[in-house]
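First chain written, first letter: the chains are A, B, C, D, E and F, and each begins at residue 1.
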């Protein structure tokens, strides 16, 4: 058996389980109804057509369910498409579960929590430490499973926590290189910077933007949350204001969604560390899919560039 | 007597009261200390030099006090400058008061409050009405005296309230032209849109930006305040989210400080009405100072344009 | 019967009259000729396919004629498409007429003319009044039926006159708020600002750009017309120059087609009023089509934004 | 005697005639009035100070008059400044005249007219030829003496005609390389493209912008003039429209003042030829002033670049 | 017989030889394999479908071979498509050769070499002349057959040499108009400016970018080559540096690939001459395909403009 | 004694040694010559005026010499200025040396070399290692003393080597976080990326741009050097091309001087690490000069931002 849907080529026959990501109805040019399904496993996704779908089919196949599907991999407008021959819902006896079909961070959530907790122990500024503890406690469940984004980078289960932990590691090293850096402030900023995504995104698998996400966005959402947390915790040191500023400015520029640019050293560092980790995540995953001597596909969030993997990487 | 400092020309002798806006020390090229004062009345301001200032002078003349000053109006690098011959603090017996030297809105604050209150009475959506009442009550004193900005438009006492009232009048008329508009939403947005300036600006006369103003800015400040007000008032309808969005988006574009552009009809209208009233305020005040057939000075906040007053305006 | 083509869903059968907006021939992958028709009524338009079209069909079905058409509403690439079962030209006895199938301004042309005329009566500057009368007389017929644009806003019969009248109403109110405004100048600018479109656009239903429109554009066309009118009427006051400037600058910026930005107060106001009325026209029509709690389609001329209709709009 | 004011260095004594370009009054820090004069000859200009100026001095020394001046060349803020020791108006007996102090094109106006006329003879399209003759006749006097601009390029007497003649020569060569080019159209476009400057600029020596120049600009002015000329000459071929388009588009882009970009081959060529001749004029004059191995001053109209003159240019 | 593939319309039957530019396999929605061929002659190219292709077909038909093809010209998504009825490789006895199917410069390569050589004879600066000779000798074969680009302008056999020769002719004329220009420098810059393309592009017919082309680009490639040539020839005058600068800056701006803008007169001229010749090549070829009174297709490399051919061009 | 010139305030008397950075002559408004000196020590620099300078003074005081100077610190246009009372050249017996007056990296050059050498030992790719050794050997002397820039960041003795070593440390940590990174490639890129500055800058103390620096710039200079080194070392693996690409792209964008953006993972990382180290160097040095609760001066190379030092930094 092949490793996953991403490894099938035009002409192959596919016969295995997949997760339904989306299902929409259509009417073919011959007037007959059909279903367009987006099917996925951890290696990728494929558009599939169930021609001459019955009303029962339309009822049956819904987003977020597992199916057993058999069909031919064709090509349509330059992209692979699965022409379904047979399809049925997965059953208990099939021994497959949804979590096997969703991409996950390479580190489990217990370890991620442990690493975040360890960093919090290192903090000495009581205001910053209390603030961070408050949020970890409040959002622990979601924080450990949410993706960091809808697409582009860390867009998988536990992506947000994995992104935080990677950033904390970079921060730790930069602190040792630049001892002037306020470690507590930088750690607090990293842990909190994207928590607004827990309200901006609709969920864990196949997330979209909530109404609040569309009209306000994760940055102002989190600025407000910090203000309210400070009230609840009765903290009124300048740390609150600086933390709000760090969240507000972490996209770096007004055009990128930060109404104020970083105006505090640790805010600038937070922005740079976020940039590095997001870019490396995108780059590494794109390069993993190509052989030495080849270019990756275009990476939209990296100015549409295609990256080259040198031939001497083999050695 | 001339009408005010703005009407004095090079060569004139000035002998009257002025308000000290700022005072800074310097040392002249001959090694002697001097004072640079910015002096103002309601018509404008002038830089003044008190050469060979004594340590007593340096102590005595401070920002926000009234002085009687006599001197010659010279020109330095193309701008008028007052060479002080004599200067003394104003005394009780002089019969002058600070409020006579600060520019004020053309309508008194009682009338402004009345007009805002009247509009609130017209509102029928209880969530929006309660929210607006809450803020008017909380900030009434400052709201009625604050300027709307540090410079450019409505930068005078009661400028903020005057700006709100003008915008409400425009809103009322546009509502009658476009009946689809949600009047309550638009009114609430107008009344609240700039209240964050009460925290962004340091005060009423000669205001500067507070630390919170520099690091967060009046838009996120007010978004947070609305969230907290909703908690206090236990309002949780969609009105809260929409109001926050209106505040957030009222500058129209990311580059202008709004991380989300207007995505609700009344948010778009709020942005446009704000634009019109701010521009008309700048334009009318600049054109007032020139004769028909002349151009105004460059207006920085209007893309540095100089505006022309047609000759037939005389008729 | 459903209200119009825009209200039909995939799977519905359509059987009614429509106006042919465009007709083009094609050859199907089976080698057989077919016709692609764009059919419309006042609610919208739909692409329709007449498969296996005969040479007679190709001759018969032309742009700007009414047809009776029966067929199924399918979906093709995410958009509805009508698969024609039968089609025939409308006949005199069908009792339908083209004007019923074209969108029109919500006010009839007599009323529009009346409202414009009323405003002209209010003008007191003889040069401006004569100029405006001259153009109203010269272009009255076209002015009352032309659209204001090919697409985006007021793109329907009498759209131009309706846009003018709406703008005049806004102008009247702003004059009362800002008494410094020169009413006559602003009224004249509004009435004349887009008259160049009578030469820029090819006609009333389904207009395209004329050669003059493509190579010169409505702004320089109208600047020239005002110059010639002034010659004909022997007016040579500064009003002519200022009016030409208002037309020239009414798009606000060089990038938007105005080689000079507004440099006269009423020119700036003209630009702002034009902006408000165009945007409100687009917004109101887009929001009318969606339910509370939904977003509109993307509005190209409003930076591709999708607007939200709050749920509390129902109340 | 040195060749001209541009060749004097700090420390030199100047004692010769100069033309007053501008005169403004000031008051020195010692309270005494002084005059700031801008004095020029064909090599350049210098700011001059007449300290302790009498009221008679202020009356006497006016723009556009010749003076005999003696003084020291100092330096003020990095720029040379003339400290006047003595100054008097030039007298008839001094044998100097204004035209000796203004820069002129290197070719006399009779020759320029001859070269333009010769080109007109070569034209065969009667509509284009008549149009060009009409304008040459109408504006002959001004056309032969006006500068092509207020500053940057060809900003000297007969600069406009000289610019036209240079462009015609380039056009002639490009026509021979690219025979598809419509020679008559290109010639007509070149001759007429900047004639609007005769209304945009106030005069020949020390020109500024007229009100019409500021509010309308030379491009729309000339588009209108061509329309009126066509009416007068009863020409209504497509040539009129194309010529208007060429004028309208000759700055190449909206941001540079052309509401339509070139959409006809000869319009594109006109834009490119204009660019080359303007740039070469600026470059050659700037390089003339420096030695091999040196950089020119910053050229504002060439993106503020400084150009290098290679050392091997000496050979 | 029609003149070439570009002149066939939908509905025509094509039966002639064509060159295979590219061949890719696909699987139709009925599950059967097919071939998509891009076929071309000197007038243009067409996409062709060979439905139900056999494995032998897939082997047989490859890029860069000549085929005899018969089929119907259909339309698919608004573009012509050839539905192949029969296809076979061309044979020796068919009397056709590849060079007849590739577009070539309008001048043969011997003449181009002669014209370049002639210019080199005119050069008097020994360093520049030796440098140019070195490269002409080194790259003569490729230089005379390479295209100047992959698309947009001079994208045909000998396009590079033809572009050089056209530019040299313009240079010669501009030298006579502006005698200050250093002829040798300008000639050398023109001849060498695009030689880096011999390494940037993969070949002559259907060229693509090499890895070196993608990662370095023709400009830095050629800067390096000049440095190495100077070493080989033991030239160390300033000419080397200036030539490198001319190559480096010839795209005019950083955004267009020149890290330094032109800072030497001849570098600026090189950029302008390159611009003119590239634009005229694009424009003339696009206008050649349309009739008077029509617009060309959109020209991507000319800001997507469509150009108009005036009706009086017929005369 | 105060610590250095940067710590003197207006009104203080300065009496100590300083290094002359620049000396220029002027003539005062009283007609007398004066000298403007820029004097510096490791803490900063100050403009100084020697009024009524004799011709001997003008001869004597030159750039790059040490002087003993006494005078008063005044203020001129908001900046401190030293009014010289007495000045004399430093003598051997004064026991001061130039190196004490120039800012240096905080690590000595032996240590820097050691750290670079250590990294080279870790490299295993022979092509990359040989290339790096070649350049370290070729440029060792200059590399260890040159600044990394003329201003903004690491603009002090050994700044370049210090910048390289800091970047190597960051690289080492990122390699451990992202094991996919090719360590040898990244190290080689970091060590070589700015070596072109050794030709771009004129020297160590008070450096300016060389002609080669102005016309070519350090990026293409180094691309060429790598090509030549590869020839000398007879290396022709893909490593050469990739290294050249890394140098070429390390500024990240065309507008910032890189004609190709990073298209290899390690090239992107090189760009990001360069950014972090340059920014941290600027930020730390600016923040060092201010107290908690204050803002820094505007940092030109960081978009003119002023950074805030939080009050809780004291704790």
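Just so we're on the same page, a contact is a pair of C-beta atoms (placed from the backbone, for glycine too) under 8 Å apart; a residue touches a chain by one contact, two chains touch by 3 or more.
A quick note: this is a predicted structure, and the numbers were derived from the prediction, not measured.
Shared contact partners of chain D and chain E, listed by label, are C, F. When the contact pairs of E-F are matched by residue number against A-F, D-E or C-D, over half are shared only with C-D. For the pair chain B and chain D, the distance between mean C-alpha positions equals 44 Å. Spacing of chain A relative to chain D, judged by their CA centroids, is 61 angstrom.
Annotation for chain C: residues touching 2 or more other chains are 211, 214-215, 242, 263-264, 295, 308. In this structure, the chains touch in the following pairs: A-B, A-C, A-E, A-F, B-C, B-D, B-F, C-D, C-E, D-E, D-F, E-F.
Taken together, the chain A residues at the contact with chain F in this complex read 125, 127, 166, 169-170, 173-174, 177-178, 180, 182, 185, 237-239, 242, 261-265, 268-269, 272, 275-276, 279-280, 283-284, 287-288, 295, 302-303, 305-313, 315. On the chain B side of its complex with chain D, the touching residues are 10-11, 72, 74-76, 83, 295, 308. Those residues of chain E lying in contact with chain A across their complex are 25-29, 31, 33, 211, 214-215. For chain A in complex with chain B, the residues that touch the partner chain are 211-212, 214-217, 219-220, 223-224, 227-228, 231, 241-242, 244-245, 248, 254-260, 263-264.
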